[in-house]
Amino acid sequence: MVFAGLGFELAAGGAMVLRGPNGSGKTTLLRLMAGLARPVAGRLLWSNAPVEDPEALARRLRFIGHQDAIKTAFTVRENLAFWAAFWGTGEPALIDRAMDTFGLAALADFPARLLSAGQRHRLALARLIASPVPLWLLDEPANALDDRSTGALTNTIAEHRARGGMVVLASHGADLVTGGTTLALDNFTPTAAQQWVEL
Amino acid sequence: MSAFSALLSRDLRLALRQSADSLTVIAFFAIATVLFPFGVGPEAEVLSRIAAGVVWVAALLAALLSLDRVFVVDFEDGTLDQLILNGQSTVLVVLAKVLAHWLTTGVPLIIMSPVLAVTLQLPSEGYGVLVLALLLGTPTVSLIGALGAALVLGARRGGVLLSLLVLPLYIPVLIFGTAAIEATITGMPSQPMLSILAGLALIAAALCPFATAAALRQAAE
Amino acid sequence: MHKFANPTQFMRIANAIYPWIAGLCLILFAAAIPIALVFSPPDYQQGETVRIMYIHVSSAWLMMMIYGIIAANSAMFLIWRHPMANLAARASAPMGATFCALALVTGMLWGQPMWGTFWVWDARLTSTLILFFLYIGYIALSDAFEDSERGDKAAAILALVGSINVPIIHYSVEWWNTLHQPSIMKASSEGIDSSVHPSLLLPLFLMMGAFTMFYFALLVLRLRSELLAAKIRNARLSQIAGHAAAQPAE
Amino acid sequence: MAFDSFAAFIDMGGYAAWVWTSYGLAALALGGILILTRRTLKAREREFETLKANRRGTP
Amino acid sequence: MSAFSALLSRDLRLALRQSADSLTVIAFFAIATVLFPFGVGPEAEVLSRIAAGVVWVAALLAALLSLDRVFVVDFEDGTLDQLILNGQSTVLVVLAKVLAHWLTTGVPLIIMSPVLAVTLQLPSEGYGVLVLALLLGTPTVSLIGALGAALVLGARRGGVLLSLLVLPLYIPVLIFGTAAIEATITGMPSQPMLSILAGLALIAAALCPFATAAALRQAAE
Amino acid sequence: MVFAGLGFELAAGGAMVLRGPNGSGKTTLLRLMAGLARPVAGRLLWSNAPVEDPEALARRLRFIGHQDAIKTAFTVRENLAFWAAFWGTGEPALIDRAMDTFGLAALADFPARLLSAGQRHRLALARLIASPVPLWLLDEPANALDDRSTGALTNTIAEHRARGGMVVLASHGADLVTGGTTLALDNFTPTAAQQWVEL
């Protein structure tokens, strides 16, 4: 499954929203950009040069997908602390900020097993704050969130961009960003054409 | 390095959180060993003849069962994607997981093995070399097993398929592991077999982590 | 029935009788140990090794009784959901496993001088070993879950299924002819020609009584402990649940 | 009294090893589980007390 | 009844779709059996002495590995909730799954066993009774194993815990299964052991499905 | 976790929307109504009588939750056909209607493993048509759906109600029903009070 001739630019502070019906390739494109999938043909360009070192790319981005990557035996705080330590960016204070932002502070010492669907997803999103990087790749981040959490997410994205961060997100519902570009993916065509992504 | 130690300590804490965990591997080892006298009959000379082999086979099967889930859980809940995106190298992830597996299952098996050897009436000269052989052999078991576990990620009935891929690779370990014990019992030097076991461990350590890392990246795609 | 299902009520009664059980346990031990070790005669066949019997048979009796108690409590827990029944089963399991291990080990220590081997694969020994594994399985299963309630229920089902092993242990000496001694109770009611002489029965019954009281006394302590653990867990949860609906700051 | 002397008592008619190990292990097992039980009970009592104190502390 | 046959045929089709699946159980059985000559040494009289026991133990371990996933997949993808909400009875679900498990693993094991017995030099009188004993014993293995699999649903290290629970309960099957073969080889009647095996299967069929259904329902809760 | 004094009525053709922030107990309540969880204290009432026979209740309801219950080795059609056969309601023609309604007809012989998140969820929802029952319990049914599928779902629910069916659904976003009652679950209180649900 390949994207036919696809290209876009994203400046510092920029945002892009991927839109399109189910199965139009939003998730696939995001995983491609994260380096989790490799293009069948064509190349992935970053600042107009092919990505030589996928590890260096991975250090600069954070991908939050349909799966939450949460260990249910750990508490909310332990989950966040592990990822912050594992990725090695961020400091302890950020973990508390992350939990505050997404309304998880009261649940900090709660085992993640007991969380509801929306709370779990908030915990996944909280990693964006606990372990900061410039580029965020978010796959339907507002899924299962209640209105207040969606608001918190919108604010978080705005602040991130204000600090020069970049966001690419897939979404069906309300816009989570203001003034970003929108990429409509209806013409995702399953043909073997050249494909490139430029960031 | 911080990614390595973070992951290692996470896996160890996950294992410790259910204190019953390492215990269950030992218990499986014990039960599988104890099954043999039922199947084979209680005669002392038969048992002591097959003791070394049975302890090794039971240890391999115990390690195998616990290997089954080394990566599956992380794969299914999306953790594996995030582990691969660590900005350093997937080999690091593999090493941490293999070390955690060995510490939580290999080491308890080694500690337990002399006790089970008693119930199988292994001649007393054999205990020291049994422990030594397991010490040299179990790292290889964890390394090869992790490769098998990574290869079958996403396959249904992963457990069975895994055993299938991995068991033949265990045969050299099994052969030299039991040969070392037999040698000691019959008064021959066991040192050659033990050095081969050590050599196998080195080869496995040099080759397996890279192959495992490649298999993991493949599975995530 | 309902009165006992209420933890506070139950513990009030249990705590009230605790000193009596504990005292009785001490008295029985004080009588049983010297009689068993010093004052009772050796068996005409088994000599001084018969003194192992007092420990062996008492432990064997306890391990079976405790399994029965666990199974009964598991049934009550599954059907009526009495939390106290669950706690009683959970609290009993480690003690049952201990007595089972003791019966196995003392049996082996008796078997070596009597039969010339530590172990034979006969029906009674095998079924006792299975009981030991059932205890271990019960304990492992009951804390293998992140959700402790899941563990409680799964272990309760296991306990019920495993309970068919208890009659098998008891009747195994009758159903299959084995090396192991036939039942004492039967032998003594027929009176004569018993391998267990009446003068050996006194220390045996004293020791059995002492072990039984020991179990019940410890059960009270362990129940107290389990209840405290539950209270601590609840306090922790409600502390958090107080803010559970807490919302993100905007 | 089944024994003539203290030495005979210790010797157990030649079965000292079996008899005394049995009694020793029994003492160890019962004593062990008693001590373990009491220790966890004490620990939980302490924890519960601190928890209650904390709750009173925070309105 | 339509629910029963729908589920049975679904499970069979799922097993066939991955044609490697039944093959892997057989392969594990074969490899585990073949490991023994490596561990024990190739002497014919030792091997033929332990052949019946080894085949039985390997069959039990193979069944065990495949049991591991009887319910797990359905549990994790939410299918189990929907199976329980079938409007009839959970026992129906259990019976269909157990039958499917036996057809896809028990039967292939039985067919395969004579071949492996040859490699272990089982005396030729033993083959018929080996197949018969497996035929009577494997249903018990599937029934007890399904109960274990339902009990450990959602537990961590489920595979090892399952073995811990289930292997001890297999001991009677193992004892009478091998005793039947030993008896035939030494010229004694094997009929008493075979009737005990049949009796065990009946007891398991009467008790296990209900307990398994209860375990499944509380796992879904 | 218990609902403090909770009761509501649902007539034939009625609909109820459960609303509330993440963790307010919507999923828990739906599972309770389905008979998948048992109330700790209190009873579940149906037509003012306690539910004596959970099997009979189960025959009359369909629960679609966060998990999709899809076998990835089967095709879309095989997945639907299995559940229709298993539950024993519905006829073969309904399977095609179900796939048409949720835009899966073109994917009918596609292995479910290749479906996107939204397509999978549509397949789960298609069971409502393929194997009809009076009461639908839907947990955030619009999750991951694109606009067209959300429209199809809204229509499907309306038709079901027009035929006298009942729907209880949990939702964060747009209303999927018109004229139903709404149950706000903010006051989910974790206390051991009596709890009952009347349908």
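Labels A, B, C, D, E and F are assigned to the chains in the order they are written; within every chain, residues are numbered from 1.
Note that in this section a contact is a pair of C-beta atoms (placed from the backbone, for glycine too) under 8 Å apart; a residue touches a chain by one contact, two chains touch by 3 or more.
As the structure is a prediction and not an experimental result, all values here were calculated from the model.
The minimum number of touch steps separating subunit A from subunit E is 2.
For subunit E, the chain with the farthest CA centroid is A. Over half of the residue numbers at the subunit B-subunit E interface are used by both copies of the sequence.
Of all chains, the one whose CA centroid is most distant from that of subunit C is A.
Looking at contact counts per chain pair, the maximum sits at B-E. Rounded to a whole number, the gap between the C-alpha centres of subunit E and subunit F is 37 angstrom.
As a whole-number value, the distance joining the C-alpha centres of subunit D and subunit E reads 42 Å. Subunit F has its Cα centroid 47 Å from the Cα centroid of subunit C. Residues of subunit E in contact with at least two other chains: 14, 18, 156-158, 161, 164, 167-168, 171, 175, 221. Listed for subunit A are residues 66, 73, 122, 148-149, each touching two or more other chains. Counting partner chains per residue, subunit D shows two or more touched chains at no residue at all.
Those residues of subunit E that touch subunit B in the shared complex are 14, 18, 20-21, 24-25, 27-28, 31-32, 35-36, 38-41, 46, 49-50, 52-54, 56-57, 60-62, 65-66, 68-69, 73, 76, 156-161, 163-164, 167-168, 170-171, 174-175, 178, 182.
For subunit B in complex with subunit A, the residues that touch the partner chain are 2-3, 6-7, 10, 13-14, 17-18, 77-79, 81-89, 220-221. Within the complex formed with subunit C, the subunit A residues making contact are 72-73, 100-103, 105-107, 109-111, 113, 122, 148-149, 151-152, 155.
On the subunit A side of its complex with subunit F, the touching residues are 20-24, 26-27, 66, 115-119, 122, 140, 143-149, 172-173. Interface residues of subunit E facing subunit C in the complex, by the touch rule stated above, are 147, 151-152, 154-158, 161, 164-165, 167-169, 171-172, 175, 203, 207-208, 211, 214-215, 218-219, 221.
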